[in-house]
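Both of the next two complexes hold chain A, though its partner changes from chain B to chain C.
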Partner chain A sequence: MAQAAGRSASQTAVAPPGRARRAGGTILKYVILGFFALITIYPLILVVSTALKDPLRITVNPFQLFSSWHPQNIVDAWRIGQFGSFFFNTVKITVPVVVLVVALSVLAAYALARLNFPGKGLVFLLFTLGLMIPFTSVMIPLFYQLRDMGLLGSIWAVILPAVAGSAGFGIPLGVFLMRGFYLDLPNELAEAARVDGATEFQVFYRVMLPLSAPGVAVLSVLVFFQTWNTFLLPLLYLPGTENRPLATGLYQFAAGRTQDYGLIAAGALIMAVPVLVIFLIAQRQFVKGVTTGALKG
Partner chain B sequence: MERVLRGLAEITLEEVAKTFPDGTEAVSSFDLDIADGSLMVLVGPSGCGKTTLLRMVAGLEDITAGQVRIGGKVVNEIPPKDRDIAMVFQNYALYPHMSVYDNIGYGLKLRKVNKRERDRLIRQAARTLGLGDQLLKKPRALSGGQRQRVAMGRAIVRQPEAFLMDEPLSNLDAKLRVQMRTEISRIQRDVQVTTIYVTHDQTEAMTMGDRVAVMKKGELQQVDAPQSLYEHPENLFVAGFIGSPSMNLVEAALDASDGHLFVEFGGTRLHLGHDVRGRRRGIEGYIGRRIILGIRPEDMEDASMVGAAPIDRRMLVTVDVKEAMGSEIYAHFEVDAPPVLTEDTKELAIDAGEEVLEELEEEAGTNWVARLNPRTRAREGGRVELVVDTQNLHFFDAATGAAIYENAQPETPGRAL
Partner chain C sequence: MFIGPGLLHSIVFIIGMVVVSALVSTWRWDLVSPPEFIGLGNYQRIMADEMFWLTLKNTAFFVLLSVPTGLALSLGLALAANTKLRGVTFFRTAYFFPYIASMISVAIVFRWLYNSDYGLMNSFLGWFGINPIDWLGQCSTAMPAVALLAVWKGLGWNMTLFLAGLQAIPSHLYEAAQMDGAGRWRQFWDITWPLLSPTTFFVGVTSVLGSFAVFDAAYALSGGNISRCLTFYMVYTWQQGFQNFDMGYAAALAWVLFAILGVITFVQFRVLSKRVHYELG
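The block that comes next holds the complex of A and B.
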């Protein structure tokens, strides 16, 4: 007993240096983390800051943050820099791609996961084939094909390849992702609905689809990001300015004669904000969706 | 709950069979009649095909051969949604994204029952089940027992022709299981809907069923009222499956001397009086041969507890383990005879666990249980003399496992009852 008391007393005696060491460790940890956070976030903050600085300040002291308030950049980029029209073109392309990819993937994935039909394996294989063929290997033939179809320059020249997966996240990955979700859902739910009187479509639409909502959210957000930011597709297949989206718009703008960094930053901001907003709205669903597959029940 | 007037909804299975695509025969040539409004329990060890059979009645499984009729109508080709049946699943299968209210009402909604009527029926069902306060909750906010009730609610609200229940209580803890068992029986009696109830628990089968069908490896072994199954099992499998603790079995010799009949095993010799022989006339054909003898635990008693216990019906045993249950005592002891190893008893052992079969195959003696008067002086490790009620002995053909009653012949054992 006495020994134990002695030991605890000596422990208390040495505690302060230990605590100091621990505190030192914590500080070091935060310094390292802070450094990496800074080199990641600083450029982003700089873009926001530059977009809001007046042109003179940008040239005099480009790295000073928020040294003036000049929202005119954004207005100019929107009007003069045509970012307004780029923005709407991007929406015109992105929305149909998201709707088509999600709707078609969900239907195909459900059928592949839960219905039995001959050739099911082969169909699934064909979908996954879409994941394996790199876009760069088909981009030239696709160019001629789109030209012959008379689609070159129209938004469909981007929408169709994007839906097929050329922008990264199309039907192939969508089917792959959603199929996993539907395989995980208990079969009894479908059976309970069937016994309750549901048709096969009602089983899908009323029971299975709502339960795969986190998956649908993940898929929608990913497709949205990828399509919003897709660069190569519009660069190749939308040569004119008529349907030019933000990605190539920003590139052309920055590569042109303008050295107006304020406008370029404002353009980048216009492009980035919707992505941020969508992500923040969908974040909860997104995290849920990414984790539900792993943790069952 | 009121009962809507409807036609008779008896369920008939005629030579129903199911072979899975991989060649497994889950159910073979199965015949069963379930009377309108009655509760039929399908019971058997896991993998005996009882759930497959239920799913065939539900329409969730194709029928390979034979006919299923509900209310006289052949339903083989009718999809589940048009069979007018309701099913309660083992894991309840509640729709996680719907409230209790919507879970119960979904079937009505799909059947286009108008909103006011739907509301009335849902509330009525919820009241019957004591779910009135839970209607707005999602299933994940409910306890196991409440989920089970919602699953029941979903079934009764539609007033279907038949309820199909697939081990609905197996996910509940022991206490709740007993409570819900009574409740399901009560509800079923109130609504008078023809019910098939699948379970692997023989206690549930005995307590709930109007009639019980015992299954083994896809085949019907016997169908009867619970008490008849207990008293007159048709074969070793039913004898061993129904009853807890289960029937004690041993291989015995049947021999006659001076016109008296004796059954002998492991140093014990029991006299079979004329009353026994009169009721089991079939055993005369087995004299001089080996048979399998079955004794229910309650048909043995500490001889010192019985006034004037006959001397020619006793066995002397050493008690291994004594379990005091309060109202009675289970005395475990070993009988000096090898365990009965037939296809039926092996199947029963496997149901209790693979290792149980291995133990059984290795052991030299047979473990028995007697249910004794709690005032018995039997001690663990001590000797006790038991008196056997020979009136209730069971005899089985050693080769076929068929029970020997009135007319069973050794060569061609027919169905006795």
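The block that comes next holds the complex of A and C.
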């Protein structure tokens, strides 16, 4: 496509054909890239704009962007819409999941990548199984398990399955991601520490763990996104209102008050802000996580 | 000491549950009365269940609609974004946004866009003189509407994977091809496509698995009242288990899905992996 446009540009332009062709291609590329950026970001812009809009203006023209200034929506959603309480429930669920997934996967991944022990093959197979089994296959017995443990309706009813990977990124995927990191780390540093008399755990904690920081960052962020947004887990195992997180809270709110667009958008915005902030901060860590390859050589 | 806690957790919550799930699927169990062993009775019921076949067909249709579209678009976008143009990092960041957004928020916004009275989709089509369409109200458009939402949601993630794959292709191959006078099109089919095949394979397999489990998109887009044509397999399993409390039957449904996915993934590996080039050159 880029070529076709470049050719027609070079026929009409006076400049040397090569440069004109390149300029035409560049413009076309920007048009394509910009078009898709508009499509991907538009819902976010619409949510921000609607959240700040006067209810009257919304009924007049729902899609006019930033036509009024009415931040009261956000205050109302936080208080009256209970999004404040949904927000803290989500924090209470997400933070333990991230900590548990990262801590447990890092340990297991390190052992699988770096240590030799009997039954290693079996352990690897069990984690692989955990990776392949879809959530559908376990969602029903999990309900009974959680009920029998007396956890149904508590935040642990979401935390425990999420740590196991039911929301997407759990221990099995974490183990695979981190294992790749530990396999790639140079052995010399660990050997040097061992010669200096460090225990296996010290080698891991003092030497290998800091080296894998970019991987830990990427894993934490991915687990955070998945857990923050998970909908099916609280839908199934958190039926009450007491510990309701943002995902089911927003859903119920939107289903109940279909006309309060401003408040619904404000709720969606409250849910999106932490994710956006962490994503923008982690952007660099993402890049670092990829460029660690440079350390290898 | 290193492995223990993580493994124990995985065993209790995944592998143990799978065993329990297999047991439950042989019971007739409605939560109130004690479970009754009925052998393969639930599976026989599935084969005769009209809704099972309908929801399976819906899901297969959804997969066929969304996966190839998603693959083609995200590959195309990755090719476009794989340049050194100024500001390209901004675009890549923008494309990642749908991935981190919550499906519930996004579905709410898409409901506004699809609204038949004032939705932006219909205003847009109105410019071309096309009459308003009740996007979510009829089967012929509701299915593409959900597929479009799913493609939009997965675009950035898949594009990022493709981009990483593209950047792993050594540039001297393209330089050599240019010397030989190969055009862009030739370069794509002779270098990019074969060398990118491991990424394409991975994205394809994971997209198929993910699309078969479609739930949130249909649930949130329908606003609770899921029409027959949007009742996907996961939705049906959920309805049987958590609305009709027919737990044994739902567990059996989950097992049938697991078997279907296993077969599909196996076939993908057998048929396609022969065409995947893992080595360079």
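Basically, the second predicted complex is superposed on the first by the 264 of 297 C-alpha atoms of A that agree within 3 Å, B and C clash if a C-alpha of one lies under 4 Å from a C-alpha of the other, contacts with A are read in each partner's own complex, and residues count from 1 in each chain.
The definition used in the following text is that a residue touches a chain if its C-beta (ideal position, glycine included) is under 8 Å from a C-beta of that chain, and two chains touch if they have at least 3 such contacts.
Everything numeric in this text was worked out from a predicted model, so none of it was measured.
After superposition on chain A, the partners chain B and chain C are accommodated together without colliding. Of the two partner chains placed around the shared chain by superposition, neither chain B nor chain C is touched by A:S67. Of the two partner chains, neither chain B nor chain C is touched by A:S154. Contacts of A:L246 after superposition on the shared chain: chain C is touched, whereas chain B is not.
When the two complexes are superposed, the chain touching more residues of chain A, out of chain B and chain C, is C. By the touch criterion defined above, A:P210 reaches chain B but does not reach chain C. After overlaying the two complexes on the shared chain, residue contacts for A:Q82 are found with neither chain B nor chain C. After superposing the two complexes on chain A, the closest approach between C-alpha atoms of chain B and chain C comes to 19 Å.
Those residues of chain A whose C-beta lies close enough to touch chain C in the complex are 2-3, 26, 29-30, 32-34, 36-37, 39-41, 43-44, 46-47, 62-63, 104-105, 107-108, 110-112, 115, 117, 123, 126-127, 129-130, 133-145, 160-161, 163-166, 171-172, 175, 201, 204, 225, 228-229, 231-232, 236, 246-247, 250-251, 254-255, 258, 261, 264, 268, 271-272, 275-276, 279, 283, 290. Residue ranges of chain A in contact with chain B, taken from their complex: 186, 188-189, 191-199, 202, 206-207, 210-211, 213. Here chain C touches chain A in the complex through residues 1-3, 5-7, 9-15, 17-18, 20-21, 24, 77, 80-81, 83, 85, 88, 90-91, 93-106, 108-110, 112, 118, 120, 123, 152, 155-156, 164, 183-185, 209, 213, 215-216, 219-220, 223-224, 234, 237-238, 241-242, 247, 250-251, 254-255, 257-258, 261, going by the rule given at the top. Put simply, chain B touches chain A in their complex at residues 58-60, 79-81, 83, 85-87, 89-91, 93-97, 106-107, 110-111, 154, 158, 164.
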